[in-house]
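Have a look at this one.
Naming follows writing order (A, B and C), and every chain is counted from residue 1.
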């Protein structure tokens, strides 16, 4: 029974429609109230404060500060370190996103294709997502040690040269992205599995009748297109997660060596909490926020075109 | 006749490819879980063996639970884990209590400001804790609430991720059930909490796993806001060992890491079925 | 009957209150709020606190969560100044002490130790502390702290590898040329073995870099206090030496922790480190090879100095009673007894003269020569010194990047030195 039917029932006809409509509205407003208050206090207000701070020269601990207009932004755009950390963040994301998305997809496809042990594999591959990073980071640092680490032992036994994963400024981003992919792949796998389970079997049957019999055919003609909404979601969330990289840098490299792993959030952390130049850090934060918003919007627009909605 | 042949052919190829698939999966699982393996092996090794030039699969000297002893005595691990529990549960409860009605309203009602609120939700998904960190820190300092459970939990009370997830799930909740309940005289409030929520347990369970994992392992915010030892959260407790100056007592660090990571893994193990179901139900479409 | 009961009850209650009242007055315990950096140091700090409370039962010591490094601790203190949550006692890294005092001065919260020292017996100060040790915690001639941990950079070497190339694991060279040559020889042993590690490119603070300037007997800052003084010969010599480490000394550039791991795995001939590595190294090396130590090969044996790393205990509390209690604590921590506990737990140099007597550390040092190496070069110890202003942390990060680039060969020594000087001066001017 739709609402309009209810309204047409005898006895209720005398109740003005406007009042009934507003009855639903009010309860909705009560529903959104608690979270909205939190939104104001923990999301919107702080962002506004950060925005305002970005126009000042406030330094944490000072008793006074003054407004300096766009000076912070101007200085920022001329700062080569800033552009470097933006660029390095982008490089990191360009490795981690395809890496974790494809690995997640691959794992999901494999896991769903076997009859037995699915839960077991799902469990195993999701474990890295649950691990505490401070601990795992130290483990990874040893595993990727330039000479005595197991990974290099493996490389050497296969005939390759050992790689100075964390000592070489040109390689450190790559090493960090290995850890990034490791942490994200299991998460993406779960999302893809959810997407796969939502694909009805009849689709495959119909495709087989149309002649798409081999696994690869099924993959490209049925699975991937129907998975595209999930794909969009996974790509966008992985991108945001990748660009927000901080923990591994803070714990393992502190931006080094020689600034080779300076990523944008770590630079902001240094600027705001180490050098205590709050105004500057606020300006960097604002630009970072703009960046993420633009990136998400662009991705959504582009990929959305390719998404196949059933 | 032909069907039978096809069937046997398919069955054989199925076995071969299944065997191959399992092998690949096991290999990948081994690679992805190798860090955990090394972590466990290090717990049972003496300090000398940890960084040797050659690689050994198993400890050459087995030192039993010695490292666990050291870990437990050198850091207040029990207190730290209790703090983790308090913070995670506190955050989770508020998150669910505030985001469930919000998501329900977004999914099923019309009201002024709805699209604005939804845009804010989407915006919130892009905003990491580092953005509001400084203002929140200053604010908490003003009211002298730093170094408290409240300060640990406050920034995370709002979960736009929960709102997003729940909205997806709630949106497709059957309208007829709602109407029937309304005709029965149930208030919208009761409908939400007595009918909709129980029906969506998997999604809420899935989100709970995400939330607990994230906040158990949270490093950045506690690092800024906590100063006293008895308020430390699990990652801070771990940092007590990861000290470059002394070279890190690796065995004890790994023992502490095992103890601290174990509860989350346990939760995930127990909730796995609902977790997967929950993520599926959101119909990420 | 009721009135008598009431009166009796009143008397009884009054008696109890009196009891507890006096009891409380006698046992008025003060709990001091203390911060020290480096969580790994918790064990020996706790030992010192325990011993102190045993001797002073009415003062309890409670440590806050340890910041991961001196720089982090400094930052936590600065935040504490704003939020008015300073501890009673803080163990500040030497190089950041002046900056901290300046920040405290701005809010009139610094605590000069002079009045406390005056109250002690006439020769208490001299009997316990060398002037050089006292200078480590002085700013503008005023004593703001008592040095608790002190160290100068030393060498830990792999006795087995040294023996392989020289025939003996004793007699480690004492000048740079011979040292680098030794490293080169060890590097030629192959099998991925490095000759040496002087990880100035990855050090958390500018300790090793300052050593390279100060060992030449040259100053780091100019007299104007605004610009750096290593833009000329001293800087050039230092950078050239760093390049020699790479070219002739078979050194590879690694991450700080991984370098130490490489050493304990037996794959580096010798590594420059703080003496507090003694405990960790001996645990991690075990009996894999013979662990030995040697003094820093100072370039200028007459005027050269070494920066003293470590920390000093400062009083931050503003309440008179608490200040008194804090004074007792830091006095104990830097006493012979306290120092014995600190040194045995860490490998740092004792900051107290008396601690060297046999009943404290004398015998221990005889049995464990690796631990006393830092003492053997104590005559070269000088204050570490920080940069003026409040950008020290950023200054070092910038310098480190440039020095690393020079060592990698990405930038020539002359160009690198120019960058070093100009970038540093820029930041100092901020």
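As a convention for this text, contacts are C-beta pairs under 8 Å (C-beta built on N, C-alpha and C of every residue); 3 or more make two chains touch, one makes a residue touch a chain.
Small disclaimer: the values here were computed from a predicted structure and weren't measured.
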Pair of chains joined by more contacts [C-beta pairs], A-B or B-C = A-B
Chain whose average C-alpha position is farthest from chain B's own = C
Query = Hey, how far is the Cα centre of chain B from the one of chain C, in Å?
reply = 39
Key: Computed distance of Cα centres, chain B from chain A, in Å   = 15
Query = Of all the residues in chain C, which ones touch at least 2 other chains?
reply = 79, 82, 257, 261, 265, 267
Query = Multi-chain contacts in chain B: which residues touch at least two other chains?
reply = 51-53, 239, 242, 248, 250
Task = Spell out, as numbers or ranges, the residues of chain A touching 2 or more other chains.
result = 60, 142, 148, 273
Note = Per the touch rule above, chain A residues touching chain B in the complex are 1-3, 6, 24-25, 27-32, 34-36, 38-39, 42-47, 49-50, 53, 60, 107, 110-111, 113-115, 117, 119, 121-136, 138-140, 142-143, 148, 150, 153, 182, 185-186, 190-191, 193-195, 197-198, 215, 229-230, 233, 240, 244, 246-247, 250-251, 265, 268-269, 272-273, 278, 281-282, 285, 288-289, 292-293, 296, 309-310
Request  = Spell out the residues on chain B that touch chain C in their complex, using ranges where they run on.
outcome  = 46-53, 74-75, 137, 141, 144, 146-147, 226-229, 231-232, 236, 239-250
Ask   = In their shared complex, at which residues does chain A touch chain C?
value = 60-61, 141-142, 145-148, 162, 164, 166-169, 253, 255-259, 270, 273-276
Inquiry  = So in the complex, the part of chain B that touches chain A is made up of which residues?
reply    = 17-18, 21-22, 24-25, 28-29, 32-36, 38-39, 42, 51-55, 97-99, 101-102, 104-106, 109-112, 117, 120, 122-128, 130-136, 139, 154-155, 157-158, 160, 163, 175-176, 179, 183, 188-189, 192, 213, 216-217, 219-220, 224, 234-235, 238-239, 242, 248, 250, 253-254, 256-257, 260-261, 264-265, 268-269, 272-273, 275-276, 279-280, 282-285
Ask   = In the complex of these two chains, what residues of chain C are touching chain B?
value = 35, 38-43, 63-66, 68-69, 76, 79-80, 82-83, 85, 204, 256-257, 260-261, 264-267, 274, 276-277, 279-281, 283-288, 346
